[in-house]
Structure formats: structure tokens, C-alpha cells
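I have a structure I would like to understand better, so I am pasting it below and will then ask my questions one at a time.
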Amino acid sequence: MIKFEDVTKIYPPDTIGLEGVDLHIEKGEFVFLVGPSGSGKSTFIRLLIKEIDPDRGKIAVGGRDLGTLRKWKVPYLRRNIGCVFQDFKLLSSKTIFDNVLYALQVTGNGGSSAKRKVSEILNLVGLSHKASNYPDELSGGEQQRVSIARAFVNHPPLLIADEPTGNLDPETSNGIMQLLYRINKTGTTVIMATHDREMVDAMRRRVIALDDGQIVRDQRRGGYGEA
Amino acid sequence: MIKFEDVTKIYPPDTIGLEGVDLHIEKGEFVFLVGPSGSGKSTFIRLLIKEIDPDRGKIAVGGRDLGTLRKWKVPYLRRNIGCVFQDFKLLSSKTIFDNVLYALQVTGNGGSSAKRKVSEILNLVGLSHKASNYPDELSGGEQQRVSIARAFVNHPPLLIADEPTGNLDPETSNGIMQLLYRINKTGTTVIMATHDREMVDAMRRRVIALDDGQIVRDQRRGGYGEA
Amino acid sequence: MGKLKFFLGEALRSLRRNYFMTIAALVTVFLSMAVLGAVMVFVYNIEAVLKDVEQKVEISVFLKDSVTAEQIETLQAEIVGWEEVKESQFVSKDEALQRLKEDMGEGADVVEDLGRNPLPASFEISLNDPEEVGGIASRLEGREYIDEVSYGQEIAERIFQVTSVIRNILVVFLVMLGGVSILLISNTIRLSIYARRKEVEIMKLVGATNWFIRWPFVIEGIVVGTVGAAAALAVVQLGTDFVVERIRENLIFLSVPFDAISLVQLAIVLLGVGALIGATGSGLGLRRFLNV
Amino acid sequence: MGKLKFFLGEALRSLRRNYFMTIAALVTVFLSMAVLGAVMVFVYNIEAVLKDVEQKVEISVFLKDSVTAEQIETLQAEIVGWEEVKESQFVSKDEALQRLKEDMGEGADVVEDLGRNPLPASFEISLNDPEEVGGIASRLEGREYIDEVSYGQEIAERIFQVTSVIRNILVVFLVMLGGVSILLISNTIRLSIYARRKEVEIMKLVGATNWFIRWPFVIEGIVVGTVGAAAALAVVQLGTDFVVERIRENLIFLSVPFDAISLVQLAIVLLGVGALIGATGSGLGLRRFLNV
């Protein structure tokens, strides 16, 4: 599903984002991405959706080489990747409902079945009552859940979540984890960057640990802090 | 230090932010504010710095009634409150260094002693090497630490932190908590909204739990989830 | 068609939600277009006045006293037959004397004292295109019963010089003003897009194609451009009516054809330019933010 | 003074960091001011032409043939003594006849045939303020050796009517254009502040007073306003020189005083207005975002 070959990303002039990362993630895997603040987790994710390009190395997603992917094809790549952004990235001029719906509309699918899907997913993350509010009228955790809903609504084959529970209380976090777990069970590949030690330790899934842009651990059934 | 009397904040048209909150926080206390997503923690904090006004009730900070506080005096109130915002609120057109320095400059203090203070605090949060970067060149956790540095730099008598470790790994979080602890020891009142169960349970300080805008628990030496 | 409806809906929703920027853009379109429209009306009217002035250049063909009525008739018929000629009028010796008296006013008694009439009969010829005056004059010169052909060569050349300079200045000014309007409007549109660049970035990141993002902006631009231009059109029309009314009242003797430019022409230009700048300004202004 | 330095530094830093908006604002100021400046130059020159035309209104005082050289001298002295009078010129009977011949051109031989000279001697009086022509004329009327006082009343009134209408239209247009410029510029400034409203909000939240936030914006506004206006000034000056050069070449006979408005005047107005709109536009545009 995902292949990194000696990928290096340097932010000008000389900040290391990622350095010499080799990686293979199979279809259907559930991967935790851990590492201290500034270790390159978000950089990894931004490379995956081709928000930025690597300075060196090769990235392939779903068999497509991102380096040679034509510009106009990038949107089609992104529609197959649901992404929960660390800073949410909600459209401030659209209501919550329309924010989530937009992810379906870009695929040319905005009819009543799409609207039903949006209602369902908003219900799932507990925000039905905020459907017609705007993002700046929501609490931090609520915004985060909207971002999660938008990433899920499309049932993409690859789901990426950048610290999706950072602003959520443990109970809601657990709910989201359950959701991710169930989604993964249906065959969706899930990659999740997180700082939540409890959660990683409880799930016992593959853990990739980054430090200073390099992979320092890649463990089949790891915990948050193990060596 | 802080007194809430029957404070209610309703966001138009009918969303409850806070409802009938009575509260007393003494000078020098360390208070955790917990509660599920959307329970009113940020609303409480926004009321404290008079970013919003309550619909009912009285709020006093440091003996000053916020309801009768003249408009032009509000900046002077805010200079005495260091605030770490949930969404960081960094000035995107200023470098990290200048962002932190700005909190000193508003008080008319921008000389070389101020600059030394800024360097020190940036060192403390581990961001000396990012001093001349702009906020959008920082990782989520790094931005959060800048917000923390800005709130601390002024040594305000009241420190408010809205989920200041949401984007930080456990180790860095611990560092920040140590810092808050030491600051509190010097007599500074600290209020911290958080979802970090481990931390709250470990510290055993006063815990105020909100749910749906109401105080459901106020415990002298509480944990995150106790009844 | 579902798509068109979607894009239209998006555009209108955005115009409403970002009303501050909508108003700013509308104000700019309105003001630029109003100035452009007013100056267009002004230039077109001046042009009409210039044409009028140029029409004053006529050829006078002075006839020998020996000419017969028959010869006069033949000549008149020939001249009127030329397609360059708009009108040819015969002025008899008596009429010429009468005119001289009228022209002289104070000094009229000088003429009264004359025993005989020394003035020649003449044709006064006005042309469709006054600039051909030289050619026509030379065509007539030297015929046997014609004494002299005169068209005030020096005056005529001066008039044409003056009108052509004024014309050039006005046209250059109008074109420049058009350019200024376009720049001002697209500038404002770019600024309003700039304020929304984060939104555009997000749209790209969740999988929208460039055109999917662009269409609503283009429609927004067309709406703002057209509405602003329509308002400008209305104001220019009312303003022109008001000014013309006052000029007519105060300067009844002036013969300016104040309908030199029609409402339809003006509307086509203003609305067309407004919609076009709105659309292209939005479409192009987006480009640099779509590279995500 | 440390504060001024800080505010200045903030303003310049912000101009650099937000260069996109800086350029947008500069473009707007430059274009609006260039159009305003060009029209100002135009209006001032037209005004000079109008004055010139009005100066053509003169009083002719026709004297009886019985008047003596002494009386002529006394009258001349008296007239020149009046402060309203700019110039008074005596035209003798012979000179009058000579002029008539020149004026008539074709019909000059009519005059040749005369035995005697029927024309009167006269004074031609031009005034400092041509509109006082009526008063001066009536002051002279009815004196014993004066036959008639004439100032072409009808023509004079028409000229004043025409010039006053043109003047009114131009002044109204100029004032409106000034208003338009101000609106366009403050509109752009408001938009560029709007794009930074979040920043302003944050500044307030970390304890900045309104004026602490406002000063850098005001300075930014002054810089943009002045620089934009200076560029416009330069372009208008170069453009005027170019146009005047061409007019002088092509229309050597025109006596328009093309230095009707001086560079200094223009500079004061444009730079002053630029700086003022920049400052107030920024200062006022901020207001609604300072309420946090």
C-alpha cells in the first residue's frame, strides 16, 4: 500500500523533516506513528498526501509513484486518503455539515445519499446538534471530531490521522479509537500519529517511532515507549 | 483571586457555555479544569480574560469586577494573566522570538533585558533553535510550546493554560508540568484545562469538573475521573 | 447541470458569508466603473462637438459676375452629385451684401454708403468628411466661370490640428482609465482571494480539483462585476441626465447632441467589462494559491 | 522615542512580511492618485483657458468725432486710474478703418470705395475681473463726449454662462473623483486590515492597548499612501510634460499656459491626501476589529 524508499525531506535552509526513511506498510495494517514533538510525524503525513515533496527518495501509495504523479491527478489521490489534520483544517465559511459534505462533493457526489452519509457520520462522532454551526462556534474537541468525520465519510481505503485525540477527553478518545478499530477491520489501512501512551499500549499494534526525522523503532506489536 | 457568582454564558441562540457557575479560587492555588469535550472549559477561560462577557452573574479577578471594568482597562487586566490558548493564537507575521517578545513589548518593556528573558524562556521550552522561524514553520507541539512560553515570559500572577499539552509527547508534557509546578510554587495561581488523566491523577491537586456548563465536582485533592 | 447549480450555490453562499469582502469588491467595481462610464459619456460628447466644429469647415466658390443662371444650375447639379458633398447652397450677390451688413453691426453704415454691390455670388459647400476639403477645392479651381475657391485653408488646418490633438488626448486618457479600472478591480479581487487562501488550500487538500475550486470564484467574480457595473451604469445615466438637463437650461444656444452615446452601448461596455474582469480576475487571481 | 522606533519597526516589518497586501495597497493608491492628479492638471489648464477666454470680454467706448486730444488724454488717465481696469487702449479713427479692412478680407474693396471715414475713435478697456464689465460700462455711459459704450452684452453673458457651466461641471467632477479616490484607497486598506483581523484579535488578547496596535497600522498607511502618491506624482509630471510638449509642437498657435498648476501644488495635494487617507483609513479601518 505504502512504500518509502530512502525518503529525505529538508525544510529550507537546513531543518530535518525526515531523513533516510525506508518503510513498507501493507494494505489493511494499523500503524501508530509516535515520537517526540518535532520528530517528523506530520512531515511523514504531508508527504503521503503530496502536500509537500521529498528532497530525495521515492514514495509510492497504492502502487502509484508520487514523484511521477501528474499534477492534475493529485486530487484523485487525495480522495482515496482520508486525512485528519493536526490543526483540523476546517473551512471557516462552511457549516459543519457542509464541511463534511464537501469531501463527498469533490468526488461529484453531493446528492441525498451523500447527505444521509454526512448525517450518519456526524451522529457517530456526536455532533448532530452542531451540524448547522460554523467551525469557529465549536470547542476544540468538537472541531477535531469534525475533521475526523470528514476523513471518514468517504470510506477511503487509506486513513491517516495526525494526533486525532489531542483535544479530546479520554472517553471520547476511546470512542474514536473504537471507530478507527472497526474501520480497520473492514480492510482500511490506518495510520495514526499520536502521543497517547495509554492507547498505544492498550492496542498493541505496529508502532513506528520517529526521532529527529529518522525511524528509531518499527515494532510489530509494540507499546508507546518500549525500546 | 478569582470569584464566579452564578455565572451563565449562553452562546446565541441557545448553546450553553456555562450555567450557574459559583466558584472561588484563592491566590496561589493550582487548579485542574476537566470535563468532556464541549463542557465549557474554554468558555470559562475566555470569560476570565474578558474575551467574552457572561449573560448573567458576576466575575471578579484580583478584586476587580470584570462587569464594571472600563474598556480601556481590559489590556491591563490581560497583562496580569498569562494565557496558553487551545489554538495557540500565535502572530503569523512575527517570528517565534518576536511573538514571545510581544507580550513584553505591550507592557512598554522591549529592551535588552526583555530580550534576555525571551531567550531564557525559549530555552526552557526547548525552542532556542527555532527563535527566528515563523509559526507556520513549526510542528504542532512546537507551536504549543511557543504559546506556553509567551504566557510565562511575563511572570504574571495568574496563569491559565487551555489543554497546553494536547499536542505534546508524554516526556515534553512532563517537562511542561514540572515548569507549571515550579511556577505555582513561587506563588502564581495556575488554572489548567486538560484531558490528561495520568497527569491529573499524579498531581493530586484541586480538580474542578465541568459537564454541560455546570460544575459537577470540585475536589480538594482529586483525580481525573473520580466521582 | 447539477454541477452548475452547485457552483452557483457555492458562489452565492460565499458572497453572503464573506459579505465584508463582497461589499469591498462591489464598491471598487462600482466606483471604477462609474468613473469610467462618466468619462466615456464625456469623451463621446466632446467627440460629437468636435465633429460639429469640423462641419463648420466649408468651401466657398466665388463666381464671376458674368455667370449665367443656367451655368449656376449646371454647376450646382454637378457639385451635389459628388458623393463627398453633403450640401451645397447658392448665395446670390444680394444675399452676400445683406449678410455683410448683418455681420458688421456697428459699421453697417459704411456699406449703406456704397452705390454698387462689389460682392460676388457664391456656392457654400459642406462635406460629409470635412478633411477632404482640400481635394474638392482643387477639383473646382480654375473652371472658367469660377473666380476663386476658398476654404480658409489656414483656419481649416488649425481646426483639424486642434481636433485631432484633443481626440488623441481623450482617447489615450479613456484607454488608460479603462486600464486603471481593470487593474483596480482585479487588484481588489486578488486581495479578497488572498484573504481566503487558507480555504483554497484546504479545499485542495481534501481532494478538490482546480476547476472545482475555481468555478465558484469565477461566478462570484461575474456576479460582483455585473452588479457593480449595473449600479455604476444607473448612476452614470442619472448623472448624465441631470447634467444635460442643466446644460440645456443654461446654455440653450449650444447645439451639443447629448445623446452621443446610447444607454445600450454604455451598458454593453460596462456590464461586459465588469463581468469579464470579475471572471478573469477571480480565475487568474486564484492560480497562485492552487499550487498545493 | 523608543516607542516611535518600535512602531516604525513594526510597520516596516509588517509591510515586508505582508508584501502581497502592501503591493495591492500601493497599486490602488498609485492608480487612484495618478488619475486624480492627471485630472487636476487637466482641470487647472482648462480653467486657465477659460480665464483667457473671459479676458477677451472688453469694453469699447466710442467717442464723438468732436472730442479733443486733451479730452482723450484726461479720459484715458481717469480710466487707467480705476483699479478694476487692467488696460485701456486708444483706437483712433484711422486705426479703426484699417482694422475693418483687415477684418473684411474678401469684401475689403467695399471700404476702399468710401470717400470719408464713418468710423468713430474709441477706447478698448480690459478688466482684471471681466465679470465687472457691466458696472464699469454704466459708469462711463452718458458722459458728454462719449457717443456709446458697448461690451457686446449678449456675447459677454454667453461667455460667462458657458465658462461658469464648464467650471461647475469640472469642479464637481474633480471633487467626486477625489471622493472616489479616497473611497477606493480606504476600501483597499480596510480589506488588507480585514485579512489581518485575526492578528489584531490576538494582539488584543495578549494585552495590547488599542493605540499600541493602531500606531503601526497608521504608519503603514502613511508609508503606503505617501509612496503610492509620490509614484503617481512622478508619472503625472512626466505625462504632463510629454503631452504639453506634443501640444506645443502641434498647436504652436495655442496660448494655453500649461504651467497652470505647479509641481509643488500638485505634490502638496497628492502627498498630503495620500498620507492622510493612508493614516485615517488604517486608523479607522481597524476600529471594528479592536472590539475584543
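Labels A, B, C and D are assigned to the chains in the order they are written; within every chain, residues are numbered from 1.
Definition applied: a residue touches a chain if its C-beta (ideal position, glycine included) is under 8 Å from a C-beta of that chain, and two chains touch if they have at least 3 such contacts.
Computed from a predicted model, the values in this text were never measured in an experiment.
Undergrad: Measuring centre to centre with C-alpha atoms, which chain is farthest from chain A?
TA: Farthest chain from chain A, going by C-alpha centroids: D.
Undergrad: Max contacts between which two chains?
TA: Top-ranked chain pair by contact count is C-D.
Undergrad: So how far apart, in whole Å, are chain A and chain B when each is placed at the average of its C-alpha atoms?
TA: That pair's centroid distance is 29 Å.
Undergrad: Chain A to chain D: how many Å between their CA centres?
TA: Using C-alpha averages as centres, the distance is 67 Å.
Undergrad: Once you find the CA centre of chain C and the CA centre of chain D, what distance in Å lies between them?
TA: 24
Undergrad: Mind pulling the chain D residues that touch 2 or more other chains?
TA: Touching at least two other chains: none.
Undergrad: Provide the list of chain B residues touching at least two other chains, using ranges where the numbers run on.
TA: none
Undergrad: Which category does the touching pattern between chains fall into here: line, ring, star, complete, or other?
TA: Per interface graph, the chains form a ring.
Undergrad: With touch defined as at the top, which chains are paired up in contact here?
TA: Touching chain pairs, listed by label, come out as A-B, A-C, B-D, C-D.
Undergrad: In the complex of these two chains, what residues of chain D are touching chain C?
TA: Touch residues, chain D against chain C: 20-21, 24, 27-28, 31-32, 34-35, 38, 62, 100, 104, 106-107, 109-111, 113-114, 118-119, 150, 158, 161-162, 165, 169, 173, 177, 180, 183-184, 187-188, 190-192, 194-195, 243, 246-247, 250-251, 253-254.
Undergrad: Which stretch or stretches of chain D touch chain B in the complex?
TA: 2-3, 6, 13-14, 17-18, 196, 199, 202-210, 212, 292
Undergrad: Once bound in the complex, which stretches of chain B touch chain A?
TA: Going by the criterion above, the answer is residues 11, 15, 34-38, 41-42, 86-87, 137-142, 144-145, 162-163, 166-173, 195, 197-198, 224-225.
Undergrad: Can you check the complex and tell me which residues of chain B touch chain D?
TA: Residue positions touching the partner: 49, 51, 72, 75-76, 78-79, 83, 85, 89-94, 102-103, 105-108, 110-111, 150.
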